[in-house]
Amino acid sequence: MKIGIIGLGRMGGNIARRLMRAGHETVVFDRDEKAVAALVADGSVGAASLADMQGKLADPAIYWVMLPAGDPTEQTVATIADQCGPGGIIIDGGNSFYKDDIRRAKALAEKQVHYVDVGTSGGVWGLERGYCMMVGGDPETIKTLDPILEALAPGVGSIPRTPGRDNDLEDPRAEMGYIHAGPAGAGHFVKMVHNGIEYGLMQAYAEGFDILKGKSSEHLPEDERFDLNLTDIAEVWRRGSVISSWLLDLTAIGLAKDQMLEHFTGSVADSGEGQWTIDAAMEEKVPANVLSAALYARYRSRVEHTFGDKLLSAMRFGFGGHVEMPQ
Amino acid sequence: MKIGIIGLGRMGGNIARRLMRAGHETVVFDRDEKAVAALVADGSVGAASLADMQGKLADPAIYWVMLPAGDPTEQTVATIADQCGPGGIIIDGGNSFYKDDIRRAKALAEKQVHYVDVGTSGGVWGLERGYCMMVGGDPETIKTLDPILEALAPGVGSIPRTPGRDNDLEDPRAEMGYIHAGPAGAGHFVKMVHNGIEYGLMQAYAEGFDILKGKSSEHLPEDERFDLNLTDIAEVWRRGSVISSWLLDLTAIGLAKDQMLEHFTGSVADSGEGQWTIDAAMEEKVPANVLSAALYARYRSRVEHTFGDKLLSAMRFGFGGHVEMPQ
Amino acid sequence: MKIGIIGLGRMGGNIARRLMRAGHETVVFDRDEKAVAALVADGSVGAASLADMQGKLADPAIYWVMLPAGDPTEQTVATIADQCGPGGIIIDGGNSFYKDDIRRAKALAEKQVHYVDVGTSGGVWGLERGYCMMVGGDPETIKTLDPILEALAPGVGSIPRTPGRDNDLEDPRAEMGYIHAGPAGAGHFVKMVHNGIEYGLMQAYAEGFDILKGKSSEHLPEDERFDLNLTDIAEVWRRGSVISSWLLDLTAIGLAKDQMLEHFTGSVADSGEGQWTIDAAMEEKVPANVLSAALYARYRSRVEHTFGDKLLSAMRFGFGGHVEMPQ
Amino acid sequence: MKIGIIGLGRMGGNIARRLMRAGHETVVFDRDEKAVAALVADGSVGAASLADMQGKLADPAIYWVMLPAGDPTEQTVATIADQCGPGGIIIDGGNSFYKDDIRRAKALAEKQVHYVDVGTSGGVWGLERGYCMMVGGDPETIKTLDPILEALAPGVGSIPRTPGRDNDLEDPRAEMGYIHAGPAGAGHFVKMVHNGIEYGLMQAYAEGFDILKGKSSEHLPEDERFDLNLTDIAEVWRRGSVISSWLLDLTAIGLAKDQMLEHFTGSVADSGEGQWTIDAAMEEKVPANVLSAALYARYRSRVEHTFGDKLLSAMRFGFGGHVEMPQ
C-alpha cells in the first residue's frame, strides 16, 4: 500500500523504514529537509509540502501523522483533512489526548474523512522488534489498514501463546501485536493507560532498588547493613523470577553500565499520559494510589524542596521551638 | 504531692514549674547542674544524683522520667526501679515505644514497682496552656496520680463541651485534658497514633498551600494564574472554616512572619512515632495511605535525589534514547 | 443594602437570614414556593420569578446565586446577566469550578456586568458562627460588597489574633473572616483547595482512629491488644493537644453519640472539589500524595471490590496455584 | 551431592525432583508420610525422622529446610543444628525474616555449623523453568553448594544476555539464575524486596486494568465511554510494548479464561514480605509510596468497610447535616 508519513523524528522515520521493508510505498514529509533526504535515500518518495504529498498519494489518500501532540498535530490534521477529500484516511500515530481524537473524528466524519488513532509503544527498539499498537477508529477503515498495521507490528514471533486463548472469541490481531480497541479515541486511551501502568511499574522497581541500596545506609545498626551488588540482583531477577519484565531488562542494562548511575541527575520528566490516566481514574471514580504516587515521584524529583516542606518546618517551629522531643 | 523529676529539658523543666504552681513539691535532677540550679531558683529541691533523689522523696517514691526514648530512659528506669522499693511509682513521660512500656511494666511488677507511661502533647506551649496527656498503667496507680495529672492538664477551661457527651458513661478525666487509656503502654500507644495523625494533618496543609503557591507557576497558561496571598488565606481559614485547627493557627503565625518561609531549608525531621504508627497499622492490617505518605514526604525532603529517581532515568534512556516522545 | 438571593436551600436560606439580622434587605426566589414563603415570614421580600426579582431590586441590581454547580448556576447566571443591565453585580456563592468563573467573568464583562465568586465554608453552622468566605472579582466591586460580606463573615470574635500579623501589610478583611483572594475564579480556587485539604485532614483522623480501633484486633498477639475508648481519646485530644481542630470537635461529637458509629454505612460521598484540587496539583506539577489518597479512600469506600483486586488474585493464582508460600 | 530435604510441600517436593534430575541424591522427610512416599517413588531416600535423616546423609551433612517461616523453621533448624556436628550446612529455603537469619547464623557459628538462607522465586513453575535464587551465607559454604544451586537455577537458557554486562566484574552466577547476595540474611533480604516490588508491579497492572474496565462506567458521559476488550489488551501488551512482563503473561492467561474474573472474590492475601519491605524502607528512611499503597490495597480488599470510612461520614454529618452542598 501507499502511505504518506508526516513527521520524521526517530519514531516517524523508523515507521517509514519498517513499512518499506515490508514492501509498502511511503511518501514522506518533514519541516527538516535533511530528514526527508535521509528517508529518500532509504527508498521513500520525498514531498516538499503537505500539498505536494497529496498529489503523490493514491486517491483516496492515507496519511500517518507522527508529530508532537497538541498544536502541531491539530493543525496538520486540519490541513490534510481539507485536501484529501472523501474516503481519505488520517492516522494520528502520536500521543494525542483521546478526547481530542473523539472530537476530531466527529469533525472529519462530516467531510467523509476517516480518522484513526494509533497508540504506539516500542520506542527506539521498534524498528527491529516491531511496534505494539492500539488502534481506534471504525471497523471498515481498520480493515483497510490491516496490511500497514501488520507490517509495523512485531507479529507472533517467538513469544509463547497464552494458554487458554481462543482467537475465535477474541481479536486475532492481538497475537500479531496490535488491536482494534474501539471507536476513535480508544487507541490512544488504551495507550494512555499503558503509560500510566508503565509509570507505576517503573516506580515499583525504583523504590525496590532504593531499598536495596539503602541497606548499606548509616541509618542502620552496623550489623544489619548489607553492601548489595545491584547489577547482579537485576540480572538474577531476569531469570526465572516473578518480576522479570522488559523494564527489568532495561534496568539490568543500565546497572551493568554503571552501578551507581552517576551520569543521571535524578530529575525525571513525565509526558502528559501519566496525568491523563489519573484524570481518567478520577472521572471513573477508580482509586489509583500507585499510579498517582508514581507520577508525583517524578514531579518531586524535579524540585529541590517544596514549599510544603518549608511549611512543615514552620509548623514544627511553632509547636516545639527548635526542640524535637516530646511534642 | 511530692514527685521526683528526672530530665530538665524544655519539657521536664516546665512540667516541674507547672506542678509547683499547683502546690506540688518537686525534687529535680539533671546531668546538667545549671538546669537543676534554675529549677531550684524556681522553688524545687535539687538532687545531686538519682540516689540522692530517692532520699529526698516520700516513701513510696514517685518519679517522673522525662528523658530521650531509648537508652537514657531505659537505664534510668532500671536504676530507680532498683532503689525505690515496693509501692514506688515510675512514670515515663517521654516518647518511649509502647512495646518497651509493656515489657518494663512486667519487669517492674515483679519488684512491686508500678510503671506508668504518659504520652504528653503540648510542646513549648504546655507551661501556660497545660499538657494533654494519655496515660497507661493500672487503675489504682493512676488514681493515686490524679492530683499530679490534673495539675498538669489544661482543665476544662474555655473549650466548649462536646454536645451529647455523658461523663457518667465515659471517663470524666477526658474533659480535664488527660485520660487513663488502658494498661501500661496504652498511653504511649495513643500518643504515638496522635503523632501519626499530626503528620498526616500537617502534610495535608503542606500540600494544599503548595497548590495555592503553585497557582502562579509558569507551568500554567498565563490567564489561569493567580498570585495568592498565603498569609491572608491561612488567616481567613482560622475564622469559621471547616479546616480551622491549632496547626492552622501555627501556619498563620509562620506565614505572617514570612510569607515565603525563606528561613526554612525544607529539610524536615521526623521522630520515631510516625514510623511506629505505620508499623502498628501494618500489624493490624489497616490501610494507612495518608499517614504513610506524610512520613515519606519527610524522608524525601531530606535527600536531594533518590537512587530510584536515577533508575527511572536509566530505564527511560533504555527504551527511548533521550527522546521523550512517543514511548 | 438590597440583595437578591436565588436558591433557598439550607445555605441560601441562612445567608438571607444572617443578612437580614444585620439590617440588609433581601429579595428571595426559589423554585420551591414554600422555601420563599418561609423566608418572607422571616422578613424577606418574595419574588415570583427571576424577572420579578429584577423589578424589586435597586438599580444596578446585586444578585447572590446559591445553586448547585453546573447547569443550574450556569443558566441562572446567564438569565440574570441579560436582565440586570450595566453595573449589575452577580455573585456565585455556590461551588462552581473556578475555570467556569474565569470564563463567565469575561463573558459578563462584555455586558459591563460584574461577576464575583464566593467560596463559602461553614455549613449548617454558618447562620450562628458566620461564614468563612473567599472572594474573587475586581477590587471595586468587592469594595461595594464589603457591607454584605462583613455581615456574613464571623467577624473578629473571640478567636485570638495571630501574633506577628500586621494588617497594614495584609488585607484586614482576613481577620473579619473573608478575603479578596484575587480576580474572578480566585475565590472558588481557594475554596477548592480548602476542600482538598479538608479531605486530607479528615482522612488523617480516619486512619488514626482506624489504627486505635484495630488495636483490639485478633491480628495481634493477645498481650499486645488494647481496648481503647475512642470517645475519650477524641475528647482529650481537643484539650491542649497539637491536633485539636474543628474536625476533631465534630469527631468527638460523633463518637460521643455512638462510639461504634453503627448508623453509618461507611460509603462516603465526595463533591467535585477534591478531584479538581488534584487536577490543579497535576497542572502545577505539585506532588499531592496525601490529598489524592484521601480522595481515593472515598472512591474505594463506595465499591465492595475493585476489578483490580480480582486481577491480583488472578495473577497470584497464575504463579502460585492456590499455594501462598514461597512465591 | 547428597542433600537432606525437610518439608515436601509443593516447593520442597519439586526442589527434590529437580535436584534428582540433575543427578543429586536426596534424603527426604515430611510429617506427612504420603509426601515422603511420593518422593521415594521418584527416587529419593525416605527418612522416618530428623534423627533418621542425619544417619542417611554424608558427614558433614547438608540440609535444605523448606518449611513455613516462624516456629516450624525455627525449631527444625535448632534440632538439626544440634545433631549435624561441626562443618554441617543448614539451608533455609523458605520465607524467613532476614533478621532471623542473622540471629541464627550467629548462633550456629558457635557450633561451627554453617547457615545459608536462600530466597526462592519461581512458584509452581520452578520445576520446569528452574528457580531464581538469592543466597546469603559465607563465601566458602556457597562455593560448596554451587553444584546444588546450579542444578536448581534456570541456567542461561534462551534469555538474551544483558548488553554491556561483564562477568569478570560481576558474579557470573547471576546469569545462571542465582546470586551470592552477601552474608547470612542477605538472600532473604533481597527476596523480600523482590516480593515488595512484585506487590507494586501487580498493583500497577491492577489499577490500570481497573481504569480500562471503568471506561464503560456510568459515571461518564455516554459519548466518552468505551467498552474495551481486556483480554485482547493484555495480549497485545505482551508483544513489543514497554510493559511486557511475566506478570502480564499471567494476567493474559487469567483474562483469556474469564474476562470478568468472576470466580475471584476480590479478597487478596499478603504474605509477610510486603510488610517487611516497608519496615526496611522506614528503617532506611527511604520513601516507598508505591510499595506501601500496593500493600494497603490488599488490606483494604479484605474488609467491607473501614471504621475510618464511617468516621468520615460522621464528620460530614457534623458539618453539613445530611446536606452535601456547600461545605
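As written, the chain order gives the labels A, B, C and D, with residue 1 at the start of each chain.
Going forward, a contact is a pair of C-beta atoms (placed from the backbone, for glycine too) under 8 Å apart; a residue touches a chain by one contact, two chains touch by 3 or more.
If you're wondering where the values come from, they're calculated on a predicted model, not measured in any experiment.
Q: Name the chain pair with more contacting C-beta pairs, choosing from A-C and A-B.
A: So, comparing the two chain pairs, more contacts are at A-B.
Q: Please identify the chain with the largest separation between its CA centroid and the CA centroid of chain D.
A: Result for the farthest chain: C.
Q: Suppose a student superposes the Cα atoms of chain B on chain C; what rotation angle should they report, nearest 5 degrees?
A: To bring chain B onto chain C, one rotates by 180 degrees.
Q: Let me have the rounded angstrom distance from the C-alpha centre of chain A over to the C-alpha centre of chain D, please.
A: 31
Q: How many angstrom lie between the centres of chain A and chain C, each centre taken as the mean Cα position?
A: 38
Q: What's the distance between the Cα centroids of chain A and chain B, rounded to whole Å?
A: Averaging C-alpha atoms per chain gives centres 47 Å apart.
Q: Residues touching two or more other chains, restricted to chain C: which are they?
A: 121, 123, 198, 203, 205, 207, 210, 214, 242, 246-247, 253, 285-289, 293, 296-297, 300, 306, 319, 327
Q: Considering only the defined contacts, which chain C positions touch chain D in the complex?
A: 9-11, 66, 68, 93-95, 120-121, 123-125, 195, 198, 202-203, 205-207, 209-210, 213-214, 246-247, 250-251, 253-255, 261, 264-269, 271, 289, 293, 297-298, 300-301, 304-321, 323-327
Q: Contact residues on chain C for chain B in the complex?
A: Interface residues on chain C, with respect to chain B: 99, 102, 121-123, 126, 129-134, 153-154, 157, 159, 162-166, 170-171, 173-179, 181-183, 185-186, 189-190, 193-194, 196-201, 203-205, 207-208, 210-212, 214-215, 217, 219-220, 223-224, 226-229, 231-233, 235-249, 252-253, 256-257, 277, 280-281, 283-291, 293-294, 296-297.
Q: Under the touch definition given earlier, write down the residues of chain D that touch chain B in their complex.
A: 242, 275, 278-279, 282, 285-289, 292-293, 295-297, 299-300, 302, 306, 319, 327
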